[in-house]
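See the structures that follow.
Each of the two complexes below includes chain A, the first together with chain B, the second together with chain C.
On to the complex of A and B.
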């Protein structure tokens, strides 16, 4: 193969037809990297081109894309990230999920930037990649195994302890709609149910080992830039605390501002927060600090439980999200039980956020009398019952019993199917369970949940500036003209601007292969300018900040267009009633609601989207080189195809009122 | 007399980020290719144990004794044990002699005396090792031999034995 025009990339990708067992090695089209960079960008481009709206997420015609980006594997900080992209079984629209760890760089060392899986294997298989040697193998002996065992068996089978594995557990095999893909070492690509897509394709695992290298356009300059960025991160004032506690350090910070969702989002503060805080976690359970590939921060850790009912539990990368979803959201305050539940989610291959959301939903239905005793499968659904939590996780992963099967569908679909007023307790946006933020306590986050391209999510915009008021960071990015409102979590002014800018930058980070939790959003030492410089030195591509901004916008707009093909409009850009109708009872947010009605119109205006439909205008799409997307979208709306696709999604928009059941 | 410098490795501090491997390969090979790094991090499946492994050097220098090619492996002025690529036949005797596995033989076209393969090991980057510079938890330091001495080699060897036992239990 002749040398790829751009360094930084491996330059080729794998297309694996699981139906026929056919594997192709293909050069990456230049249009993909020049206009969409990599990762999510190329992922949404492939979905747009190859997976039409009438295809259901679990159909063989859906595609699963495993994608790295041009910075993945490179010397700048935190380049272990990779993306899984497919139409989501949870939401029915654009879906993706991101994981750290060590798999992404290894795929590039083996010589591939991405893998596109299509079709459906007639029986369980796994894909092994050893540099040039790429093979499908039977996986009957792995089917039914948990993710840890699967990884260990593959490493034994290939006699290679350095084999990097991405695999599903029983939850993915049983098509649980929020099944995760677990990646070496114990990192989770969990949102959007990408594991169920693997399950439907009967693809148990991908195992990769690469001994090749990645060429850089300007290796000497790249090394100098990378060393400078490492130094800046390591001397950032927040470095010590982010390293020490990782995301669990947020528990104690979110509690006083009323942004620590409790009891299915009824409250924003939790009485038992100290029991499940980052401080308690480190003090009682830390075994050692670990890190993803090329990460100077190391928010990843190994935690163990050494005594009591849950002795023998071992976790890595316990996150803030999990402490909330499996802790406060269910009123569970036993940290060792939360760790056990987290370990089981990783072993079974479940998203902790949606699993916690589904169980909180069930507990609230039990409290409200919507679920009858006969429907509880003998479980005690009282708030705070840790044993129920752990039992339910097992049942969900196996789709066992009425409740296990119901909750495996995800909160939004479960509510849509069940009816009986259960809809008001399904805390979701576009079918995706809301993560551990509260738009009443942080206005920008409420907007971010609504505008996220994969349904309720914090990471598509990740507007961390107004969480606890990062003034210096705000000034560094935008000057002081937006202060003090920009960093005030309760103010709505400038939040549409913040969310839009962050979404565009996050689309770039997710397409480049570096990390939002270390160096780009949290401790944002790498922002537009440095990111553009890093891409230029890595690839040799002409990359200005304005071109990068436009690329971010292009990616985000194409995601919106893809969702619009499935009938998504401004009608779906809404939060459940708890956030917009019921004033927060907690912390600094007491008395506040989320003001979408102020922020959303401003957001549409900044995006160049039609205020009446919430869809990108012809002018906006033309500016981004997406003229063809506009005509396709217009045709889909005119023919009724997008409306027909919408009816297949399987969920209804969240309940918005009236609010006769306060709290 | 020139002070001999050694790598002082503290495995308990290592986070497994592999920045040492990445930068080692970048500075020696001009591209990112951790497989050709002169340092490698060993560990178990759950990373309860992590051991950055590189030439200390140990002081006994069994690699030098084992080498059949005169002058192919030697101690330089700074006390680092280095391989002279043009003289190395990639016979692998040094790699087998090293107790901690700090030398690896790679098949690489155009490299070594026979133009087919080469033994690679740490050369301390001429006195200012990059791995030391980039290691975030400071698990790798460079210091005079008199400070740390033979202890580092023996500690690594002991840690590797513990790792082997742990892996066999997994």
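On to the complex of A and C.
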């Protein structure tokens, strides 16, 4: 193969037709890297071009893309990230999920920037990659195994303890709509149900070993930049707390803010928060610190349970989100049980956020009498019952019983199917469960959930500045002209600006291969200027900040256009009633609701989207070089195709009607 | 005199050697006064985190009875029974 015009990239990708068993090695089209960088930028471009709106997420015609970016595997900080992109089985629209670890760099060392899986294997298979040797193998012996066993068996089979594996567990095999893909070592690409796409394709695992290097355009300057960025991160004021406690350290902070969802989002604080806090976790269960590829922070930890009912539990990547979803959301305050539940989610291949959301939904339905005793399969669905939690996770992953099968569909679909007023207790946006970030306590986060391209999500924008008032970070990014409102969690002023800017930058980070928790958002030592310089030094591509900003906008607009092909409009940019009608009863947020009606019109204006439809205007798309997208959107609306696609999504919009409930 | 309760989170607890303490303070004592007192009496590592350039470190996160303390509240007098929560720079999700 001739040398790829840009360094930093491997320059080729794999296209694997699972139906026919064909594997092609193809050069990466220049348009992909020049206009979409990599990661989910290229991912959405492939979905847009190759997966029409009438294709269902679990159809063979859906495609699963595993994508790295130009910075993945490089020496600058936190470059172990990779993206999984497909039409989401949970939401029916654009879906992606991101994981750290070491798989992404390994894929590039093997010589590939991304893999596109299409079709459906007639029998379970796995893909092995060892540099040039790329093969599909039977995986019948792995089917039914949990993710830990699958990874271990593959490493034994290939006699390589350094083999990096991305695989699904029983949940993905059973097409649980929020099944995760687990990545060596115990990292989760959990959101959007990418594991179910793998399961539908009968693709159990991808195992990769690469021994090559990555060519750099300016290696000496890159090394100097890497050193500078590592040093800056290590001396950042936020470094010590993130390094010591990781995201679990946020539990205690979210409590007084009122942003720690409890009992299915009724409350924003949990009286048992100290039992499941980062401090308790470190004191009682820490085995050792660990880190992803090229990460100076090491927010990841390994935790064990050494005694009691859950002795023998071993965890890593226990995050704030999980402590909430499997803890406070359900009123479970036994930390060892939460760790066991997290371990089972990782082994079974389940998204902890959506799993916790679904179980919280079921517990509230039981409390309200909407779910009858005969439908509970003999389980006690009282709030706080840890054994019910762990049993239900097993049943969901196996789709066992009425309740297991119902909740495997995800909260929003389960409510749509069940009816009986259950819809009002489904806490989702566009089909995806809301993470542990209550928009009443942080206005920007409420907006971010509704504008996220993959349904409710904190990471598409990750607007951390107004979480607790990060004044110095705000000044560093934007100067002082937006203060104090920009950093006031309860203010709405400038939040549309913040969310839009963060979404565009997040699109770049997710498309480059570095990490949002590792120096780009929290302690943003790598911001637009450094990111542009890093990409330029890596690839040799002319890369200014303005070009990078426009690329971020292009990616985000194409995601919105893709969702619009499926009938998504401003009507879907809404939160459930609990966030917009019921004042928060908790902490600093007490008395606050989320004011989407103020922030959304400003957001559409800043985006250049039509306020009446919430869709990108022709002018906006033309500015971003997406003229053809506008024509396709118009045609889809005019023909009724987008409306037809919307009716196939399988979930009802969040309940926003009147309610008698105070909480 | 007033009596307040101070709680230390994240690595602040390790730096000052306790998770919480009750303090008797003169009437009129403000949050700024409190942070200054804690900085003066605490070990050097703790002092560096909570006090900077003759004022509370802007990265310090302070809650007074579950209310986030912004610049406008730093000079508000404390009251008996107040609980103050202190966090170092921390953020994310």
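As a working rule, the second predicted complex is superposed on the first by the 663 of 663 C-alpha atoms of A that agree within 3 Å, B and C clash if a C-alpha of one lies under 4 Å from a C-alpha of the other, contacts with A are read in each partner's own complex, and residues count from 1 in each chain.
The definition used in the following text is that a residue touches a chain if its C-beta (ideal position, glycine included) is under 8 Å from a C-beta of that chain, and two chains touch if they have at least 3 such contacts.
This is a predicted model, so every value here is computed, not measured.
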Superposition on chain A - do chain B and chain C clash or fit: fit
Partner chain in contact with A:459 - chain B first, chain C second, else both or neither: second
Which of chain B and chain C A:467 touches, first, second, both or neither: second
Chain B versus chain C as contact partner of A:311, first or second or both or neither: neither
Touched partner set for A:320, first chain B, second chain C, both or neither: second
A:244 touches, of chain B and chain C: first, second, both or neither? second
Centroid geometry (CA): angle chain B/chain A/chain C, rounded to a multiple of 10 degrees: 80
First (chain B), second (chain C), both or neither touched by A:186: first
Chain B and chain C, minimum CA distance [Å, superposed model]: 17
Touch list for chain B against partner chain A, complex: 12, 15-19, 22-23, 25-27, 29-36, 44-48, 50, 133-134, 136-137, 167, 170
Chain C partner contacts - residues on chain A that touch it in the complex: 237-238, 240-242, 244-245, 247, 249-250, 252-253, 256-258, 269, 278-279, 320-321, 435-437, 458-459, 462, 464, 467-472, 484, 488-489, 517, 521-522, 586-588, 590
Partner chain A, residues of chain C touching it in the complex: 9-11, 13, 57-59, 61, 63, 66-68, 70-71, 85, 87-93
Chain B-facing residues of chain A, complex: 73-75, 102, 109, 148, 151-152, 155, 161, 185-186, 210-216, 219, 223, 227, 230, 234, 287-298, 300, 302, 314, 316
